[in-house]
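Labels for the chains are A, B and C, by order of writing; each one numbers its residues from 1.
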Amino acid sequence: MKHVSMLKRALLLLALGLGVGATPVLAQEAPTPEYIMWTLNNLWIMLSGALVFIMHLGFATLESGLTQSKNTVNILFKNAMIICIGVLTYALIGFNLMYPGDFNGFLSFAAVPGFISIDPSDAEAVAASLTPAYNEGYTWYTDFFFQAMFAATAATIVSGAVAGRIKLSSFLVFATLFVSLSYPITGAWKWGGGWLDGLGFYDFAGSTLVHSVGGWGALVLAAMLGPRLGKYGKDGSVNVIPASNLPLAAIGVFLLWFGWFGFNGGSVLSADAATVSLVLVTTSMAAAAGGLTTGIVSWLRDTKPDLSMALNGILAGLVGITAGADQMMVWEAVVIGMVAGVLVYFSVIFVDQKLKIDDPVGAISVHLVCGIWGTLAVGIFGQLAGLPQLGYQLVGILAIGAFTVIFCLLVGFLVKATMGLRVDAHEETIGLDVGEHGMHAYPDFLISGNGVLESESEKVLAGA
Amino acid sequence: MKHVSMLKRALLLLALGLGVGATPVLAQEAPTPEYIMWTLNNLWIMLSGALVFIMHLGFATLESGLTQSKNTVNILFKNAMIICIGVLTYALIGFNLMYPGDFNGFLSFAAVPGFISIDPSDAEAVAASLTPAYNEGYTWYTDFFFQAMFAATAATIVSGAVAGRIKLSSFLVFATLFVSLSYPITGAWKWGGGWLDGLGFYDFAGSTLVHSVGGWGALVLAAMLGPRLGKYGKDGSVNVIPASNLPLAAIGVFLLWFGWFGFNGGSVLSADAATVSLVLVTTSMAAAAGGLTTGIVSWLRDTKPDLSMALNGILAGLVGITAGADQMMVWEAVVIGMVAGVLVYFSVIFVDQKLKIDDPVGAISVHLVCGIWGTLAVGIFGQLAGLPQLGYQLVGILAIGAFTVIFCLLVGFLVKATMGLRVDAHEETIGLDVGEHGMHAYPDFLISGNGVLESESEKVLAGA
Amino acid sequence: MKHVSMLKRALLLLALGLGVGATPVLAQEAPTPEYIMWTLNNLWIMLSGALVFIMHLGFATLESGLTQSKNTVNILFKNAMIICIGVLTYALIGFNLMYPGDFNGFLSFAAVPGFISIDPSDAEAVAASLTPAYNEGYTWYTDFFFQAMFAATAATIVSGAVAGRIKLSSFLVFATLFVSLSYPITGAWKWGGGWLDGLGFYDFAGSTLVHSVGGWGALVLAAMLGPRLGKYGKDGSVNVIPASNLPLAAIGVFLLWFGWFGFNGGSVLSADAATVSLVLVTTSMAAAAGGLTTGIVSWLRDTKPDLSMALNGILAGLVGITAGADQMMVWEAVVIGMVAGVLVYFSVIFVDQKLKIDDPVGAISVHLVCGIWGTLAVGIFGQLAGLPQLGYQLVGILAIGAFTVIFCLLVGFLVKATMGLRVDAHEETIGLDVGEHGMHAYPDFLISGNGVLESESEKVLAGA
């Protein structure tokens, strides 16, 4: 950060063989317009990557806000580990799996760990990763940074649906395989230039490739795990297990909306302001329409408007617009958001009361149902609308859904058979914070409702 | 987000008639310097819009932190809905009302819903909204995105002052009218090129146009509603109703400062780095001076320094510098912040103890009093200082204040007469979370002080 | 924020003598490539400054999450004041002290308050601070904005280690001197072009200049203060004083990671995308490797994985990569992060159980130990690796460490002798929130464990 270090760095880069071409700004000659646009593209995509990163904090706070206080440490630990594991495995495997054709064969799945093993003394290899010569108008590092932040979101989506009962070790094994294999394989079908891309399937920023992939994982695992104890009575009654900290949940949704500006805006993959600004507007309009619609529907049907529902309505709108954020006019974004807002409301109730799948945060309804809706919407609204496109969208939804469900079932059963999926009833009752981590999230606070459990959990803590 | 989608999109855009001119980066020929600067302007203003968005999270956490835990869900719901309603109505009405002369008459109030109804098959209309041809050096979408995020803040300011006693439905009706009519009409007087602009009134980023407008709304509604039960004794005593969650309040103030970099920095309306960097520095210096000054004043007068006061001091400095952030030297920003820091301290006490208007978060003192101060400061300090300018500033403050007060009184009385403004005493006592939403913000936590109310609120919940 | 204000501003600037050269975009002629790159550099560094600002919220939430609820208000107040004091004193003294050679002698320590006293009527002086002529490719204001946000972090690091027992006034006096004298003096040795820079010492973004400087301050003050009451038994037992709010702590670590994109990314001091994108990737990989490693080590050694440890592992990785973030290949960043993750785990235990220095948040282990590690790593890995470099790094670590320790001891003893360093036992027992501020952080919530203290603190509050 020293002020005069630029010249020194320029000399260093020269010594490395990167030359003037790599960093023309350092040379005497004026930067070319191409170089400047390349800088701008990088800047926007890097900033978008940072915004997508903050979505992980959004998910962490949303999930710990919407679940019980006795499972909060566990959720925070899971979400902190997912971003760590996600970034590391994406460098090791995922990035290569998902974009096999990039980098002129420099990296391939066979050459694992590829990305992390550039020989620093191989000036040409280093230069290839840094110069404007990289084929997409930004550096390889910028590309990885943005894509890696994306990748980890798919696994995080699952985390909320299985909260309060999944074994920590089992979840982390599942999440690692999910983010390093399942997500990049189906991702490659479209974004890696694979067969779905060839077919004409369109998914701008991942209603299907990210959100419904995460949603399918949430559905399979939540179904395999069964509901939390006490969620469904033997008489068929459905009990509400209340969210423990609604300000945390609200912080989560606002941060997710904020991060979505990078998730969708950065998916333009350039600083092309015409498209990026359109995308920011359609994203915001759909979020707003989703939140307002769910708020109104909840008000009309429940007599009192439910905050968690309205917050999920905002997320529903965001997931819904994601597949076609660059294709829609403003009014179409509003309609897509409104439909998503209605869908999420009824889906949450349907999953909870009819399917009796216990999804503490509504991940299945938000990410799977609205992810499917958003993907179909590309065939109904916007510049690509038409029956053939609707067909392609359906094929993409089904193919990616089928692969993801099979993958999750296989891994789920394998993990269940070897490690077990679910904590025992005693641990679930005292909470996973004490059971898996030996700590309380809010030890200074008196927690209601579980006076007996408190003393029980103290015994476990003392023995730990 | 597919890597090779850029070419495809270029073809699509070409098919739409947007042509090479709209997105020269996609063409073979080099981007022009004008195109690049246009891209940079868009980028900065879009990022600023995202930063202004996060201020809504700042307000939500600040307000829920500074009020009672029994009203937290209600505050979060209000603030989530305001941003949704604000964005939607600004597209429908506000944007056209506020900037009537833009877009060569393409949009007008008569042509509602204008902005959201561009015919996607009308290539020329679409192109007009996306190309660099748009008159201000950025796209129409960028402009809307930034302005819409601004608009909703005015209504959010009111929310804090009326917390704990206003009917949810009545507030939402008021906020909708406020953000879609009152704010853009007075905004048009200056930023829309109206009569105050012609006069010479100066308000860089909205000390008056945003903050004191919100502050007047806060004053009128808080006065109409009357104080929370128990706030003022029959013997004239003034009771403190303590803030329930000070970490939330601190999160709010830090996020507001962060978002203010976009609020003021983006108001340069270009990426002109000379002005933007000056603005970021004046903004930070005023915030720091405000916070430190209020902290010291509170320490000297209350013997112990009050955290809420110091946090409001930071906001006071921010509001104070907003009208002239691009006009001040650094030392002037410090002085403006210090004066704001003193003003907010004594104003909070005056409003609370002399006027006996119950403003749970200090919105009137922060946004109205310091908004007026900041607007006047443009006539006292900086490049525009002088008696005539001070006169213009006074005219602007009075005119916008008069309009806003009359508007709020009219709407307030109309809502009061038809829907009622205030919840009943029983609901207020058990809290608006249970009363308006049928839920608790922190159901796992034992809440002190209202053991009786707890069981009462449980009864309401059970019946809900 | 008025749409047509650009022309008016252009005229204003012209009147001020800034001329067309300063803001070519406003003129008819096309902006030059040099001007555009200058704009881009400014933009990136300003955004980075905003990201570094948000680290102060990260520290505030991390520290208040990891300590007891009875000291929360005190921590929030300290951290809010540090950023205010830091920004103001950096303008007054620190900036000049740290970069004495800049600005062609326009500013110097002798000319205090220099930076804040530009005569607004001296068009040349104003212009010099705004034009592209400023020697480093960005404006003086941009430079100050970024550097001032940096400066305050060093003092904030100390804050966590002394939580729960230091007198507020004494801490603020210490922090003011630390941020305005100690930090900029040692900073000048390297980043100001001083003797360590001449020697060949390398510290890209401050593993030593910021983090270990803060860490030395934390060590000296925590040792001088002694442990919190009850932390160490007379029988030599070590007691755990649990963190009161782990979601707050997690919010803190995620925000710090987010802000570190600006801390390291902005330290490139230009928008040079090749280096910035590399830095964002090395930063993320080290953070991920640190978090995962500490999580695993904690799991293996404590049988249950500790959330606070894992969170500190992320910070350890971030501190570790900071000195050489622009010098490392991806795999080197991973190794540096892993080593940092192991180091922080054992260091926390060593400091707590062997040295018996009470550091409630682990600041010494995260910032001092990993700061030293990161600085040494520049001599072991990356483009500068080699025995001579390792020697320079060692010299830098020792020299800056010695100065900082001596400074802190001097100021510490001076403050102790005059004002006293530590609150009395009664105040410490009831908590610094009541003792120093007369308020509770969570007054609505029932706090466990200190039923007796509660009533005691109520007495103090009533008397206050």
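Descriptive notes on the structure:
The criterion applied here is as follows: contacts are C-beta pairs under 8 Å (C-beta built on N, C-alpha and C of every residue); 3 or more make two chains touch, one makes a residue touch a chain.
Values in this document were obtained by computation on a predicted structure and should not be read as measured data.
Copies subunit A and subunit B of the same sequence differ in orientation by 120 degrees, per CA superposition (steps of 5).
Two copies of one chain, subunit B and subunit C, form a contact in which under half of the residue numbers belong to both partners.
Between the CA-based centres of subunit B and subunit C the separation comes to 30 Å, rounded to the whole angstrom.
Among the residues of subunit A, those in touch with two or more other chains are 32-33, 36, 40, 43, 47, 245, 251, 442, 445-446. Touching subunit C in their complex are the following residues of subunit B: 32-34, 36-37, 40, 43-44, 47, 51, 68-70, 99, 102, 135-137, 143, 150, 190-193, 197, 204-206, 209, 242-247, 250-251, 253-255, 257-258, 261, 265, 267, 269-278, 280-281, 284-285, 287-289, 291-292, 295, 302-307, 310-311, 314, 326, 329-332, 334, 382-383, 442, 445-449. Residue ranges of subunit B in contact with subunit A, taken from their complex: 1-6, 9, 12, 16, 18, 22-23, 25-26, 30-33, 36, 38-40, 42-43, 46-47, 49-50, 53-54, 56-57, 60-61, 64-65, 72-73, 76-77, 79-81, 83-88, 91, 113, 115-118, 120, 126, 130-131, 138-139, 141-142, 144-145, 148, 168, 245, 248, 251, 436-446, 464.
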